[in-house]
């Protein structure tokens, strides 16, 4: 669990030191209890707005969550943020004790894992861009598998000839891989330092930061009503499709 | 539940005082973390034996759980034991926060609006009278919606064959429509002046002077204990029901 | 990989056994030509930035040649790459044309190196991603969450104007379209029969039906319905054998009388 987790834990430690500096007031304690109960009870990561609706008017939810996160630092269960949502999950270092013998989650194929990585690090990405990086046609099956995981979504269409569909990652992706935000992707700095994704940008334009905002980017437009079939189907000009 | 919870809380308080007397060792802390994660991730209350299997040999599971329970005392989430099994649940006093009422603005259907207007002007009005004025059967749904608004109430029963339920408006109705009293509802001349009636009214057409005295009228009697079902159910003899 | 299994493969395989070959001529493990190139480049054991594209092109072409001896059909991707590398190789070996209309060979080579580097980096990133603790494998959410409820509380909205116009609209509609018929008093067959049965006791002797009716008819408008219903009721009673009915002439008065002996069916009851 290399670099990135270390960073993540540092942030958590920062949070923990919060309680050393400040002591929550009685009111804040009450709000912490509420947030704790709400996030615990929720079936999915819970947004701060949703919590605010259930807390007394004017409660500082963000602050309560910061305290709470600090309290859970180093515990067997941690309070974790993903995107703008919060949830509890078991501490990463206890994986060995929790792994359930019987259920071995289905592993993604190498093609799917690489495609997922390209979408994550390079989003919004079109099928052509994925194929360009991998140097091989993308099979429909690979994309289907990724969409089925719920980690990848159709974002919109690129404002470019053919209006290709753009792909991006979801909050579920962040959740699954224990990322708070897309900028926490492991090795992202390395990739950016190598300047690898600026191929389609004029020099000096800067290295694009992968973005999973729901807002469309300047060169994107909404999906519209057209059928999406062609977004997945292999380019007819390419005879062979890889097996996924 | 209250009694039980009270007892439970006393026990929990006992547990809490445990941490004031003893400080868990490093090893015990590690065992607490494991138990915490195991109970948290379990889909059902988890037995101590099951936990023992996943903890280091010789770990004092019961002790770890006692410490853990003490730590969760007074928090938004509590560690609870049932028989020999353990689970987390949100603190009982916060149950209210898990349910949130969401106000959803709704418009009355045309049928409901017309029925409401008739009840307002012609109260006390029976279902048959409303149907007679509207010239169409009243659906059960329409009356249900009106009662849900809190603008319409059951007044009593008409002293007449079948003893039909009489409907009238409520103070909430006055409040919502900004009327001081029901007599402030505009009469025929006002309605004409407002352009709501055109000239083509037959001779003898009138609009009643509405009254909403809470006292029953001479031809009304109290509701009594009979079931009210038949007051709403559409008359079986009428084939078509209006859409509500 | 989409490579067709070829029936002649084994035969060809036997012929070309080259122990000196530095690599296995097997494309099955590769995810396309770029993957193959990357693997070949890795065998140069140098930093990708200082890779010899010329040497790489040579290796690739040799590999593809060898592979074609094994399998006649290769995926188009591999052949396209081979053609492009052959072209690149010739460009690299020949002196640059005086007026370059195309990108020079060096930058084409650099571009290829860059693509390989990019693939290598994204591979590394994919590996890092895969190594992260994952939900459901290493990390677990709460096993039995209670769930949060949102209860919809409808808030009905309507204005006084809505109310008044709704009232006026339908009152007007009903006032104009409501055709009220005078309610007709109808004497039902059941009523007639009940009445007849009640008074049969008085009619031991022949009596004119209209004499009975007089008791029931309160207004001339009711005469028709009362007469019709009563007549039908008498017919029913005749059929049951409880009365006798007689008419002496067409349109003459109807006479009726109770039967003295109850019919056996009734006696049995």
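In this document, chain identifiers A, B and C correspond to the written order of the chains, with residue numbering beginning at 1 in each.
Methods note: a residue touches a chain if its C-beta (ideal position, glycine included) is under 8 Å from a C-beta of that chain, and two chains touch if they have at least 3 such contacts.
Remember, it's a predicted structure, so these values are computed and weren't measured experimentally.
Chemist: Which label fits the chain touch graph of this model best, line, ring, star, complete or other?
Modeler: complete
Chemist: Average the CA atoms of each chain to get its centre, and name the chain whose centre is farthest from that of subunit B.
Modeler: A
Chemist: Distance between subunit B and subunit C based on Cα centroids, please, to the nearest Å.
Modeler: About 32 Å separates the centre of subunit B from that of subunit C.
Chemist: Please tell me the distance, in whole Å, between the geometric centres of subunit A and subunit B computed from their C-alpha atoms.
Modeler: Going by mean C-alpha positions, subunit A sits 38 Å from subunit B.
Chemist: With chain centres taken as the means of their Cα atoms, state the distance from subunit A to subunit C in Å.
Modeler: So the centre of subunit A lies 30 Å away from the centre of subunit C.
Chemist: Please output the residue numbers of subunit C that touch at least 2 other chains, ranges allowed.
Modeler: Residues 140-142, 146-148 of subunit C each touch two or more of the other chains.
Chemist: Which subunit B residues sit where two or more other chains touch them?
Modeler: Residues 37, 40-41, 88, 90, 98, 100.
Chemist: Give the list of subunit A residues in touch with subunit B in this complex.
Modeler: Contact set of subunit A toward subunit B: 32-38, 40-41, 53-55, 74-77, 88, 90-91, 94, 97-98.
Chemist: Which residues of subunit B touch subunit C once you look at their complex with the stated criterion?
Modeler: So the residues of subunit B in touch with subunit C come to 37, 40-44, 87-90, 98-108, 110, 113-114, 116-118, 120-121, 133-135, 145, 148-149, 151, 176-179, 185-186, 191, 194, 196-198, 200-202, 205, 207.
Chemist: Touching residues of subunit C toward subunit A in the complex: what are they?
Modeler: Listed in rising order, the residues of subunit C that touch subunit A are 1-2, 31-35, 37, 75-77, 81, 114-115, 117-119, 121-126, 128-142, 145-148.
Chemist: Note which residues of subunit C are touching subunit B in the complex, please.
Modeler: The touching residues are 140-144, 146-160, 162-178.
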